[in-house]
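Before anything else, here is the set of structures, which you'll find just below.
Shared between the two complexes below is subunit A, which has subunit B as its partner in the first and subunit C in the second.
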Partner chain A sequence: MSTAAPSLSPSRSPVPVAPVDAPRRIRRGSPVTPYLFIGPFLILFAVFVLAPILVLAWSSTRQWILGFDSGGFVGGENYATLLSGQGVLSEEFWRGMRVTAVFTVLSVPLLVTVPFALALLLNLRFRGRTLFRAVYFAPYVLGVAVVGVLWHFLLDARVGPVNHLLGAIGLPDATAWTTSLPAGWVSLVGVTVWWTVGFNAVIYLAALQDVPAELHEAARIDGAGAWRRLWAVTIPHMRRVLQFVVVITIIASANMYGQSALITQEQPGGATRTAIGYIAQTGMRSYDIGMASAMSMILAVCLIAASLLVNQLFRLVGKV
Partner chain B sequence: MTQSPHPAPAGPVGAGPAARSTARRGIGRRHLLAGAGIAGTALTAAACSGGQSIGGAEAPPAAAEPFSGTYDGPDVTITFWNGFTGGDGPYMKQLVAEFTEANPAITVEQSSLEWPDLYSKVVTATDAGSGPDVAAMHLDQLASFAARGTIVPLDDLTESLGLTASDFTPAVWQGGVFQDRRYGIPLDMFTIAQYWSTPMLASAGLESGPATAEEFAAATTALQGAGVAAPFWISPDNWQIFVSLLGQFGGSLYSEDLTTVTFGDEAGVKALTWMRDLVESGVSPSDATDLATAFKNGSSAIIHELLWLINDIEDTADGMEYGIGPFPMIGDAPGVFANSHHFALTKQADADEDRGQAARMFISWMSENSATWAGSGNIPARASARQDVVFTEGRQAPLAADDVLESFLFLQQVPGSREIAADSYQRAVSRAVLGEEEPEAALAAAVTTAQEMLDRNRELYGI
Partner chain C sequence: MTAVLPPRRRPRLRRIGLWVLLIGLTCVFALPLLYMLATAFKTPAESVSADFRLWPQDPTLGAFRQILGDDSVPVLRWVGNSLLVAVAHCALTVVLAVLAAYALARMEFRGRRLMMGVILATMFVPAVVMLIPHFLIVNSLGWLNSYAALIIPGAAGAFGVFFLRQFFAAIPRELEEAAIVDGCTQWSTFARIMLPLARPAVATLVVLSFLASWNDYLWPVFVLFSSDMQTLPSGLRLLQAENSTRYDVMMAGAVIASAPVLALYVIAQRWIIEGVSTSGIKG
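For the complex of A and B:
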């Protein structure tokens, strides 16, 4: 620091300090610093995300069944079998994919809009607001096992309270909520909405509080009604959050497994077994790691495609 | 096991000669112990690596020494996995405690996990050497794990102990055999029983549950006449009833050589049609899934359910007046679905001489002293245990009459049988009972699926 305080010390040094050096001595930090900051996360990401994906891709190209010296590298044969549409593996897998697709299409619109409406309500000023915020979030803290077992009992067609209550108020009381379609879809989607509505609502709520109050005020002065303000101020401001919610909700719905395993128990006759359900059966019970990996890869590619599509759509809407 | 040259994995005793020579050279006791520890670890590692390889449908080399019937080796710890997590858990705990008391040299580390978890973990855990030495498994799962080499044959044990079918029942004894080798020693048997509400039957002038198809039809009619709208409830997951009726009508799930799927034959159609007719005629409501609750709350007068319901009623509906009896004969011959918990020995146990012997000792002792197990609600497999007062005073004792035991139909030893079942006949039963499809069509589709899965498995497993 001799350059910083040359005048304070007696000028005993015969060596003059070159003034051109001064600007170069501004500390810019070590080039290693950014890597040290992302390091901890990078390690976790590499070990728990990147490595499993690579192993998955690798194992999907092998005939690998635990307990057997099976065929080794088979290239794209697992994929070819699954994509052929022929045979039990392919038929069951695509049946599961259809179930997953139906569930996603039915649940995502509700899981995007209902929490949004809820967040708008919870963002108003009223007595007991905090209590309601907690109440709507409460089911989310339950595990899928609790939710599944609980609703399987509640929705039982013959001995469950739901039908009993419906009958008590004069509505049809013999709907087979867990053993027939389409009633089974109503159960699965309904329970999922009840269960996870709080999570998306909390995200929306946080975003709503970020919308500047001045904009609302300005719009109000310009004579915009509540509806107009919602569309012209609130929603455009939440575009990024909406996009995020849509994408994670699609992914969460496409990964549905517990609800159909516990509430409908894949009834009627396996008609509500999702793709994940069949992947679990193939990998965990038949130990067919190669085939289960290939199925997972196909599902992952479908999800990546869906996410990209959503991002693209939001970009288009944003340009309008 | 008379003369094991195998040193103990830990402790200075096993390091005998080396200990003496190093001590003379003046190396302290601490070094000596450390040295013994390293030697022990190395030995254990070497022993384990023998059983590590994944694969090989054929069984790994059997234990070098025949089982003598007793264990006189050094202190050893064995791991025992089972799925007794419900009301049966305490009885297994007690049985294991009794074993440890009688065999202080053997410590048993017991892990109770849900059956699906046990089955999904046991293959990889055993391959890694961190699985169980002894596992309880259902009879119908033995072939799946035997074909993978996870569990090893127990013929040496039964030969040295002189165990035969007469110590158990012929059916359950034969049930533990896959490809002419024995893979399990039966602990118990369980089956579906007929439960009836005594007061409801009395209101229709009946004393006990029906035993034949005619009696069954008469009983349900009488109950309906007495005001019980739906006297017998059947659910879409009552595949055990289908398996029972299939046998009663003279059919089987697979051909005797286990190469052809046969449940879609006439017997299967008759069985499934009888089940569907119960719903169509209104004897059973449609879409019933929770039979136990319906029985306990007085909605259903008669149900067919597994033996766990005995303990369940005691826990949740104590004092309920009900009767229990064998599954009725609806078809042409007696027959009822049965399954059994078996003790199986894993290849991991045989990687170490002492553990292998101790594990065999454990299995043999548990089988011989299984009377305590009757409290779990199951039927002890061991004939001697069925004479014990613990069992003869149990609620399930009427199901252990000789003629009932003879009618037990155990599932055939087909590798991958549970996956085949889930995607084929269990689905057909569900679809037919729910009225989604006619019994014949549902079965035909299921046979196609099952045959393809069976063929693929036979190719994979090389059988």
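For the complex of A and C:
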């Protein structure tokens, strides 16, 4: 490796010519240019990403009904009220948190494993693979509003085709899928799996393609069956992607709103209203900014804790 | 030989099992969508009858007429709103992210590492943190019930910048140097050499941000008040409230709301799926 760049006009250069490999990035042109590139993003980033974090920490310490009084500082009182479990706001908030927790616990295992099985299926060799992949992915592009309105109809207890079909094959045909529990959980979780299975499957499928074929071949020669190869070769190679999928799925499930707003319409009696639904309601309909902010903080802390826990678990499993 | 090396060719029975599974799954994913389409063309009575028909007995445009004739649910206006908002949001997101990602990946300037660290750190902040503050900021800017409330607040996310930065960083620097030797300015190196090379990644971000905006539900429900400002997703809620027993009308609304993205999906299916699959690859 040469240490000096072959300069075109060495005599005119007052400073020593830089080695070729030394500067990691090219630094020619005006020093202002980089800021012109990044500036527009930074302005919006500061206003709509950084400022909100500070605003939330601040607004969660006020008693503040938007439009009535600008709100006095109350310290940790909002948090204390919520954590006490006393009063309507606190009870309803924790009811929403329980709904979110139940939905997350029920849906995440399915949303991690079913797409994995689907990805393994789509990774086999057969004709029309891309077409099947496209069909299985299709519900995802629709968005929660269409999916919610559609399944609210399909699952209608009296006139929906799901109960009609169940009746036709001799099963109970009067289940109140959208207005009772626990059937409502089956609806919310089932529809969410139907809607998003393609999304996680496609992420897995891309990662499956990176598992070295030689390893599978070697394991096969050693007499490992398909099941053994799955556990000994495929899954260890997919650890990082699995971890990524688990974390984004927990976050997505904990943010569930549209399904309960449209499919079960928060029935029966608000028993499927999620935490995010109640936060939105409190802050943006009742304008109780202080309380809604404190609720947001509590939910956010729970989510960060859950993500850290998952990462820690994967680290432990990786060490074994 | 076969005792040592199992045969590569799969037994016939397993092939049949595979195809049964593939076709069964196709029904699970496609039938609900086809039933939505069929119901939109049924009469109110047939839409709630117990016969499971994928082809309406007397196909009718009644449900569509009912929607288009009802001024309290201006669905065509919602189509326009959704298109305007999704296109503008997508354009803003992508332009900002491309410029910022290029600077972070390819330029040397004071504060670069700090900016990278801060932007990366915000990727771990749960979205719920933004909800109430965005409402307060949008309110104090006077943007409630406006397009700006839907287009701007979500446009400066960390994901796009990080996603594109990896691609810009992976482009060999010889290309950049050759461009500069040939007399390109920083801008023309970016616009004429680097940007075209990052086209697949940019296309992915276009698709993802368009879909995210088109399908967004919670935010428009809470920041839009008048019926003529709704997007299709938030408008469907009004349609559901007005026609809670008219499933033919609701399905017609769902068909109108999904037709544009499904059409886009049929054209750009491969591309959309590839976009999603690469979004999972974290550098």
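Keep in mind that, in the parts below, the second predicted complex is superposed on the first by the 270 of 320 C-alpha atoms of A that agree within 3 Å, B and C clash if a C-alpha of one lies under 4 Å from a C-alpha of the other, contacts with A are read in each partner's own complex, and residues count from 1 in each chain.
As a working rule, a contact is a pair of C-beta atoms (placed from the backbone, for glycine too) under 8 Å apart; a residue touches a chain by one contact, two chains touch by 3 or more.
Since this is a predicted model, take the numbers as computed values, not measurements.
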item	value
Partner chain(s) touched by A:Leu316 [first = subunit B, second = subunit C, both, neither]	neither
Subunit B versus subunit C as contact partner of A:Asp156, first or second or both or neither	both
Partner touching more residues of subunit A, whether subunit B or subunit C	C
Touching partner for A:Tyr136 - first (subunit B), second (subunit C), both, neither	second
Which of subunit B and subunit C A:Phe68 touches, first, second, both or neither	first
Partner chain in contact with A:Arg285 - subunit B first, subunit C second, else both or neither	both
Subunit B versus subunit C as contact partner of A:Ile169, first or second or both or neither	neither
Contacts of A:Ser293 with subunit B and subunit C, given as first, second, both or neither	second
Overlap of the subunit B and subunit C footprints on subunit A, listed as residue numbers	66, 153, 156, 158-159, 284-285
Contact footprint of subunit A on subunit B as seen in their complex	54-57, 116, 119-120, 123-124, 127, 147-150, 233, 236-237, 285-290, 293-294, 297, 299, 416, 418-419, 422-423, 427-428, 430-431, 434, 436-437, 442, 449, 452-453, 456, 460-461
Residues of subunit A defined as touching subunit C within the complex	23-31, 33-35, 37-38, 40-42, 44-45, 47-53, 55-56, 59, 66, 118, 121, 124, 126, 130, 132-146, 148-154, 156, 158-159, 161, 164-165, 167-168, 194, 198-199, 202-203, 205-207, 220-221, 240-241, 244-245, 251, 254-255, 257-258, 261-262, 276, 279-280, 283-285, 289, 292-293, 296-297, 299-300, 303-304, 307
Subunit A partner contacts - residues on subunit C that touch it in the complex	4-6, 18-19, 21-22, 25-26, 28-30, 32-33, 35-36, 39, 47-52, 95-97, 99-100, 102-104, 106-109, 112, 115, 118-119, 122, 124-137, 139, 152-158, 161, 173, 176-177, 180, 185-187, 190, 211, 214-218, 221-223, 232-234, 236-237, 239-240, 247, 250-251, 253-254, 257-258, 261-262, 264-265, 269-270, 272-273, 276-282
Residues of subunit A that touch subunit B when the two form their complex	65-70, 87-88, 92, 153, 156-160, 174, 176, 178-180, 265, 267-270, 281, 284-287
